[in-house]
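Paired with chain B in one complex and with chain C in the other, chain A is shared by the two complexes that follow.
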Partner chain A sequence: MKIEGEQGKSKKYGMVIDLDKCTGCGACMVACMAENNVPFKQDESDKRLSITWMRVYQLTNGKAFPDADICYLPRPCQHCEGMHEGHSPCVSVCPATATDYDAQTGIVSQIYTRCFGCRYCMAACPYHARHFNWWDPVWPEGMEKYLNPDVSVRMRGIVEKCGFCFSRYQKAMEKAHYEGRRELEELEYQTACTQACPAGAIVFGDLNNPQHRVHQLAQPDPRRRGRPGNPKAFRLLEELQTYPKVYYLSSREWVHKAGHKAELIKEAGAHH
Partner chain B sequence: MDSALIPKGVKRCPIWQFALGLGIVGAVLLWGVYAMLLCWFKGLNQTNMNDYYGFALWIWADLAVIALGGGAFFTGLLRYVIGKDELKNIINYAVLIGFICYSSALLILAIDIGQPLRGWFIFWHANVHSMLTEVAFCLSCYFGVLTIEYLPLVLENRQLDKVPFVHNLTHTMHEHMAIFAATGAFLSFFHQGSLGGVAGVLFGRPFAYREHLFIWPWTFFLFTWSAAAFGPCFTLLVTRITERIAGKKLVKDNVVQLLAKISGWMMFTYIIAKILDTAYWAFTTAPSLGFTLKDFYGTNGFYNYGWLVAEIIVGGLIPALMLITPKIRANRGMLTLATVLAVIGVCLNRWVMVLQVMAAPVMTFDEWALYVPSWQEVATTILPVAYGVILIMISYRYLPIFPQEAELNPITPEDAEGVQASGDSEPVLATAQA
Partner chain C sequence: MKIDRRCFLSLGVGAAAGTVLSPLPWKITDDLSIWSQMWPWTPWPAQGENTFTNSVSTLCTDGCGITVRKVGGRAVKIEGMAGYPGNEGGICNLCAAGLQLHYGPTRVREPMMRVGSRGEGQWRTVSWEQALGEVSRQLAGARKAGTPEAVGAIVDQPYGSVPALFRRFLTAFGSPNFMYTPTMADAYAAVLRLTHGTDSLVGFDLEHADYILSFGSGIIDGWGSPVRMFRAHSQWKTDGATVKQVEPRLSNTAAQSSQWIPVNPGSEGALALGLAHIIIKESLYDYDFVNNYASGFEQFRDLVLAQFSPGNVSRLTGVDQSTIVSVAREFARAHRPLAICGRGQGRTTGELGYFLAVHALNALMGTINRPGGVWALPVPDYIQWPEPPLDDVARGGMAKERLDGAGSAFPVARSLPHRLAAAIREQKPYGLQVLMVSGANPLYTLPGQTDLQQTLGQVPFIVSFATHMDETAAYADLVLPAPSHLERYEDVASTAGYPRPLIGLARPVVPREGDTRHPGDVLIQLAAALGGSLQEAFPWPDYDTCLQETLADRWEAMLADGYWANDRFQPDNWDAAFATASGRFEFFPDAVKDGALFQPLEPEGDAAQFPLVLIPYDTARISNGPVASPPFLIKTVADYVLKGKEMFVEINPESADALGLREGSAARLTTPRGSATVRVHLSHGIMPGLVGAPRGLGHTAYDDYLAGKGVNVNALVGAISDPASGLDAAWGIRASLAKA
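And then the complex of A and B:
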């Protein structure tokens, strides 16, 4: 269902990440944590306890030198649309409506003050994009003064995740409304990771808008629930019908294969 | 000392022995309570759960006790709705076990959630599309029904029963018990099913995901079916354990045989459905999502094909065949073995549908995630067991749980003297002989 209210036409904000450009520097992860007041601990060696809204995976093709190849894959929340709009794996299971699919933006939100920490959404997410606050956040002395005032900090016992820097969207919309506009320019709303990426590997915008770079790069086919038209593009685990709004670009076939299970590759293989 | 509270016509162990047993189990209970308080006050960082294992030991225990507690609703259905009158001799115990299982499940959930003080949000901000919402509503309602079913038993205590109002209330409640039994069966169908649905709807987790019939995945029906089939086995097993500890027969053979036979046929039909479900999932559903059976069982040393064999054959088909074969069922040892295998089988099923779902990698560059629970998790999982043992000890001592006990174990003159010497002025022997 499309909602065309006072905010104008419904958007489908999404991301395109060029894996051939990503150097694995981790700037996106740092920017994400700073922007969103993501807590951290002294010991972050156990990655299954680390809160990383944006996590960069290192993939290898498993071959020995000189054929060895590496790819870094940044993984934010995939903001899945699901089999019908809003039927994301996590949104459909949350018992307290603490995570929601915004039909105006396509963003999967998390309502921290409503989440009671059952963790069903974490079990439902195949991308491990959701993180639980096992501890209360403890900021190094003085750092609390540097927290982003636009983003609420979270308490122990609830789940959090990437929200495509939703506070930036709200701020941009406030400014637009103040100026008497209903629509945002492409660059008015950009995520922190996009802006921090030194290689320009991350592109963000409205997938419904042909003027936006994400649309041009991914070439989503609305009749096939956003399947990419660009043969270089793929989505993670396309076969599960989660229909993510994060697209990956690569000219390397083994990287495409790492993106989803073997059976679908045969179909995707026809593209490249 | 407490003989005035002990039901007429039955013999109980001396109070010191009872207190000693209570003390030992109470110590285990306190250990669990300490761990529970640690989790509540310090948070879930006391566990070894992590972002891969959001569901872990507790949720398995939760699902397992609810399945095992299924004996209450199914025996109630058989006794009050279908009219298997013999089962009136075991229904009290089935209800008590169900009450323990369900109250334990609610306690586990209260410990498991990250913000326990917000637990009521599941009712207030209910997402009607979530299986967990359905679980919460039906589980709470059914616990209310179980309390109503257990209450008359408590009120039948010898001293309470002397109060005319209480006596009449108990009588009236017994008269209307069929309504509660039917309500309980209805509610159980949905919450047992929605617990199965919790895993079955996870379309992002091909290990758990199942095809749907209308809005319900097949696991919905399999969970209800298995709880009805395996729950009575747990009732029979706990009855057997109680008999061994008490050192006497408490339920007549014809009652045990009837429940075992029905349970066996339920298990047999369930296991056929489970095999069909597994085959369809392995050869149709999972491949359509890009996975093969080898991805789930052939790439990890711990979760190997042995789990499938253990759950379906050893814990399902074999006990089912044992229970539907009259000769084997009539043998007390074999009957106990079958119930033990069945209980292990259903617990394995719930384990697989919780823990293996979390363990199996979905992204191609992900790895199997194994986890070992912390002592706090183990202690809080044992806590309900200790609580259950204590409630059974108290209920068995002071309430007329087993209607056939007095008839099966007539009190000898020596026993009667012993009881009377302890201060009971009631004519115990006369009651027993009557």
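And then the complex of A and C:
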């Protein structure tokens, strides 16, 4: 469905992450936390309770020394399109319309003031991309000074997740409208993790736009709900038909296999 | 109307249906969620004008060029600065989390004098006048006693105007004991002094290499200038370059390399010589360089051919002979081969023989000072101050030997702080009265740190110039608060392998918090208080003026761009590059003597008592230098590295079986230097018989987000002075692991 409106042509913002280049350094996680006012506790080692919109998982090939291999896999919200557009696993179960699929951008939103914390979406999300605030966030004295005014601070009792730095999209659109434009340049809107990645492993843009690098790298097939045409590319748990907009590139076969295996996320969920 | 049962029920059903169909419950739920979220304690960040300031973050090894986003007066985000040489807009995770350090609760905001016993944490706030009065009283005492050499200073690194001011202060005062924390740059500098005969910095033209042989260097684990290395790594992936990683543990670098070559720890240098053996035997080396620009090749060749045959090397390294032969041939036949070393992040100095062996590989291939090779860069020479005037006391002190033996017992070394503890303990050649520490955290970073703490207790007066209450500051007698990296001017000379001279400029981005003073200003004020030739040596009214005069014509450009770089720099041609006695590259410098230097260094400890070997490892997710990990970094640490307050060590399942340990088992890790309780993480990515432990945990200072988590590996590993360079050569230590 193409919508021409105030925001220009409809977009499908997505991400391509090159796992051959990812160094596992965690700069994307830090940039995300800094950009989005993600809270932190004194102990963040219980990963089920650790709020990480972007989380870098370590995958292992399961082989013994010296054939062991590891690979890092950064996992933002996958912004699933679902079986039909907008039928993301989380959106379809939210009773409060606190999470919604934006047909203009393809971004799955999270509206904190609407969320009343039922956590259906967390149960529905196969990627563990959603996090619940079990406590009110506390910043050590003085640290609240660095909070970003463009992103609301969350509070106890609600679910939060990656929104592809939606506030950056809004800012970029405001600027574009002010300058009399309805379309954004590719680099005008980039997520904080993409911008920060020191290895240049994360690429972000409009999957509908053949000029954008994400389109060229993933080569999404619109007739097959965005399945990647690039043989190096895959999506996580493709078999679940969630149709995510985050693609991964890897030249290692075992990584592709790991990405298709439901056990992968189950196993990661044990850490989650 | 009579309400019978039927009527009652239907009214009830009707009411229920009406309520459900009406917007009321949804409205109430929505409102409830809104009302229950409007708590006054939830911060509501203020809006304001958005501005961006460029600076250089001094937190990481080589400085990240940064752009700080400010809203009103607050700094809200640190991002990479577009166009900063090497980084090109990227940023490392430590610098990205810099605001947590800047606004963090462990900042020191006013001068503090110790009240209780050392390290107890009892402080009294004093004025700057009182603080400076106390320091000058202590310093004047040392001069009055005629022992100015009993004053020492430890800073983080040797270059830049702040270290230069400390060095100048000590010189004019009369003490040779200016120390900094040595890194692999020092080991490389020692190699260049011996083989090139020059005082140089090492540079690597990584971006133009197509076959990279890394002897333990954590290319994507924080070695060198981290962001530049990540970028080079990505470019190699795009261009199809080959990376071979030689190390005992499957680091991130090893995992992303074309081939991981597991090797017995400490035998990396022997493997390099094993490759040299094949290259020489099969005449695959660069004849032009070896015949016309090198000397000592015959001795080197004879040694390598005699002692480092594939059979011998295979026994030493655990690498099979066919791999040795094939890697040697691939390396020699590559278009632009490059061999690099310096284990992990390169914060340890390592054995001189190991560095010499790897450098010799580059010499054999004739890649020294060539595209894609190893370059010798001039040391930063932009600080051109006249020699400070010395009075009689100062001349007397400067004639004394250094406490750490650098320059005397070990002529090629410049700073050996790991030897300081022994000198203090034995009062040899003399005792230390006053220790100044700035930008360094020796009580955390130096090996054998528990030993050092006891020893430092013998130093009568320790003054720490600190931004944060780190381990060393917590143990000091006086803490002088310094402005954070976002509050001050400072020049940052790049020394971590960028192949061109580069100086970054850190500048004040936000107004200063608390009553801090720049260490440069404090030194100028102390010199003025002490008077005489010291005052003469510091003619500047304040540090900012000093920096501006020092940078001279570069100042304006650095203010505008944030850095100064010599983009046109080219390394010397071979006929002008070497200043050894022969004027040629020296394959076999005198320091090598009989070649004993090339044999693998045995780790400390008795193999019967300690059957395993502990190797510390570096990870980009934990800061392990003088700067502590902020909460965001610790949050990225995996739960198989840190769980609660317990740290995991990695061991191979084979070793674990033998010890009766399982995933997550609690265990007692013991080395000849100490003991700690850890948990066990089983990994097929580490050679059997080894114990891998992350560096950077086990802080005792700072706040609850960091303190008390895990174990400081530095405390468990003792230093071993390299017989030739004097630098700490230890790469690990023998250890035992028992079920706890």
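Quick note on the criterion: the second predicted complex is superposed on the first by the 259 of 272 C-alpha atoms of A that agree within 3 Å, B and C clash if a C-alpha of one lies under 4 Å from a C-alpha of the other, contacts with A are read in each partner's own complex, and residues count from 1 in each chain.
The working rule: a contact is a pair of C-beta atoms (placed from the backbone, for glycine too) under 8 Å apart; a residue touches a chain by one contact, two chains touch by 3 or more.
Model, not experiment: these values are computed from the prediction.
After superposition on chain A, the partners chain B and chain C are seen to clash.
Of the two partner chains, chain C is the only one that A:G200 touches; chain B does not reach it.
By the document's definition of touching, neither partner reaches A:P228: not chain B, not chain C.
In the superposition on chain A, A:G259 makes contact with chain B only, not with chain C.
Residue contacts after overlaying the shared chain place A:P74 against neither chain B nor chain C. When the shared chain is aligned, chain C comes close enough to touch A:M143, but chain B does not.
By the touch criterion defined above, A:I158 reaches both chain B and chain C. Contact with neither chain B nor chain C is seen for A:P244 once the two complexes are overlaid on the shared chain. Contact with chain B, but none with chain C, is seen for A:S92 once the two complexes are overlaid on the shared chain.
Of the two partners chain B and chain C, more chain A residues are in touch with C.
When the shared chain is aligned, no partner comes close enough to touch A:G106: not chain B, not chain C. Taking chain A as the common frame, chain B overlaps chain C at a single listed stretch, which among 112-120, 274-282, 328-336 or 346-354 is 112-120. The contact surfaces that chain B and chain C form on chain A in the two complexes overlap at residues 46, 50, 96, 114-117, 136, 155, 157-158.
If you check the complex, the residues on chain B that touch chain A are 43-45, 49-55, 112-116, 118-119, 121-122, 124-127, 129-133, 136, 198, 201-206, 287-291, 357-358, 362-366, 369.
Contacts from chain A toward chain C in the complex involve residues 18, 20-21, 23-27, 29-31, 33-35, 37, 40, 42-47, 50, 52, 56, 58, 60, 63-72, 96, 112-117, 136-137, 139-149, 153, 155, 157-158, 192, 195-201, 271. Within the complex, the chain C residues that touch chain A are 29-30, 32-34, 36-37, 39, 41-48, 71, 74-80, 87, 89-93, 96-97, 99-100, 102-105, 107, 220-222, 226-227, 230-231, 233-234, 237, 250, 252, 255-256, 260, 262, 513, 620-621, 631-640, 642-645, 652-654, 683-688, 703-705. The touching residues of chain A, when paired with chain B in their complex, are 46, 48-50, 57, 59, 73, 83, 89, 92-98, 114-120, 122-128, 130-136, 155-159, 236-237, 239-242, 257-264.
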